[in-house]
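Have a look at the structure below, then the notes.
Each chain gets a letter, A, B and C, in the order it is written, and its residues are counted from 1.
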Amino acid sequence: MNNEQIALIVEAALMASERPLSLEALARLFADEEPRPERGRLLEALEIIRQAYDGRAVELVEVASGYRFQVRKSWVPWIAKLWEERPARYSRALLETLALIAYRQPITRGEIEAIRGVSVSSSIIRTLLERDWIRVVGHKEVPGRPALYATTRAFLDHFGLKSLDELPPLPEVKDLEHLGERLAGLEEARPVEVSDGQG
Amino acid sequence: MNNEQIALIVEAALMASERPLSLEALARLFADEEPRPERGRLLEALEIIRQAYDGRAVELVEVASGYRFQVRKSWVPWIAKLWEERPARYSRALLETLALIAYRQPITRGEIEAIRGVSVSSSIIRTLLERDWIRVVGHKEVPGRPALYATTRAFLDHFGLKSLDELPPLPEVKDLEHLGERLAGLEEARPVEVSDGQG
Amino acid sequence: MGEPRPPSEPATDRPLARVRGQPLAEIPEDLYIPPDALEVFLEAFEGPLDLLLYLIKRQNLDILDIPIAEITRQYMAYVELMKALRLELAAEYLVMAAMLAEIKSRMLLPRPVESEDEEDPRAELVRRLQEYERFRQAAERLDELPRVGRELIPVHLETPQAKVVRLPPRVSLTELLSALQEVMARAELHQHHRIQRDPLSVRARMSEVLERLEAGRFTEFTELFDPAEGRAGVVVTFLALLELLKAALVELIQAEPFAPIHVKKKVA
């Protein structure tokens, strides 16, 4: 078996393995070979591989427990989108809270709770604030001075609206079926992929 | 951004991704680029990669849900030692059920049972659903509205196929049209033919 | 079943199993497996069609020429064996036994010459066997296909620097509105929380006005109006101010008649 063949087998193993492979683990691949390639030849094979991947997007590196292929650092930022995860969806409670803030702004948490008939968790308010969809526009002069919430420009951007006037009036909302067509038009007009972090 | 750079980013992504990447997924990597490389340039990049890996231990392949790197088949036997466990064997019941869904989709469990002549255990259906090899694509409009099953892209990916057309053709055991003649021939060979006097 | 066995059938000396108290001395003639492997062997069948196909193949028979009497006899021998070995005998095997017996009886019966269009009683069985055989073979071929973890090893390299970025979910306007619709339906159940039809623009303007008012500082009334918005805009701002006053969120201060009016956010 020549060095090129050994190198290809080692390469296949390193590409297939989920963890780094030590020289001993690589040597075991050739357990049935006669003669078994010794340590020196394995190191030569690793050097052949290293050179073959010169200029490629992945490289052979040595780490504590052995050898492995990894994506070259310079290309990692380019593929960061691979690890973007979108949680499935927001809870009904969050959407209801958001809808009430949109239609009844400025509104306090207590007022939202009175209409919804259930309490609004702090985490919902926090999520909406962090998403920059709502903000505090003042405080109601009643005991406790509760915050008054209103929607933001980022909220309008996300829903593809120029202003709050473009939200369908309440009576129409009651009749969602008829609203369907109008909404379809609105949603189509939205940009395909808007980045979420509008300023 | 030139084609070589696009190719390197695509290469990095395919090497790092857990699952095959579609052209759309690859295009998303360049969402912030101006201009965004269009489909044709991505295909060119894939071709550049394919050629760069000519003669290497891994190759770029296309499967149902996109592109992936995999170890060239010729080197797989050499690295089988990396896995202590033998690859799982599937029971005949599972394979027959899967074959029926693959070739006769969409199909109900009752229809599978009618052809196999035995009941299909729930655990087989569950296993196939959990592996994401089959999914429910609808319900048959008959009493009980049984689920209609079809295979998924993940099923094709698992078998390294691009589409259902690439499945081996369903074996033709005997020409069914032929059956009539053959049976007619048998008729003559049958013993005692008694007229019952109707003629 | 009580059918006499053909004289050619080989017999063994010791009983293989007991069937209804009677020793079963013979292994069905094509069963060339050690008796202690029987259970495994019988469990390997995927059902009555599979067993029938096995019997037919063992005798090198063309499916189309199945000698029903012979096959039925062997099939029943297996079913008896399964019972004797207390294998869980699926109902399907018994249904098939009944079907075979029925075909057998129909083949023995004389049939009117006229009714030539009447199908050979075996035809339906043959069709089912053939259909099953196709998928039995298809399953075998499927098993032979290269697959991930066996012949196909996809590459999935580690990318140590990569971090999972969680993106917030997207919400569609329809989702938002259907949430609102639900709240409204609920709110209408209790009268006092009826949602009025305030013009949206007024409520939006209320937010804007509040925002422009710096806490504790007076803002001139006229500054809140933008003549560029035209009459409608001015009216909306005015209504918004009235609403804010009503809600005790702002106060209006006028030092003397006809002096400039100032607006101030209420402070506790």
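Criterion: a contact is a pair of C-beta atoms (placed from the backbone, for glycine too) under 8 Å apart; a residue touches a chain by one contact, two chains touch by 3 or more.
Note that the structure is predicted; figures quoted are calculated from it, not measured.
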Pairwise touch network: line, ring, star, complete, or other: complete
Centroid-based (C-alpha) most distant chain relative to subunit C: A
Distance from subunit B to subunit A - Cα centre to Cα centre, in angstrom: 29
CA centroid of subunit B to CA centroid of subunit C, Å: 18
Shared interface positions of subunit A, touching two or more other chains: 12, 15-16, 58, 69, 71, 76, 79, 82
Interface hub residues of subunit C, defined as touching at least two other chains: 153, 155-157, 159, 162
Subunit B-facing residues of subunit C, complex: 44, 46-50, 63-65, 90, 92, 96, 107, 110-114, 116, 119-120, 122-123, 126-128, 130-143, 145-157, 159, 162
Subunit A-touching residues of subunit B, taken from the complex the two chains share: 8-9, 11-13, 15-17, 28-29, 31, 52, 56-58, 69, 71-72, 75-76, 78-79, 81-82
Subunit C-touching residues of subunit A, taken from the complex the two chains share: 12, 15-16, 18, 58, 68-71, 73, 76, 79-80, 82-90, 92, 95-96, 98-100, 102-106, 114-117, 131, 137-138, 140-142, 145, 148, 150-151, 158-160, 163-165, 167-171, 173-174, 176, 179-180, 183, 186-187, 196
Subunit C residues within the subunit A interface of the complex: 153, 155-184, 186-187, 190, 193, 195, 197-198, 200-201, 203-204, 206-207, 210-211, 213, 215, 247-249, 265-268
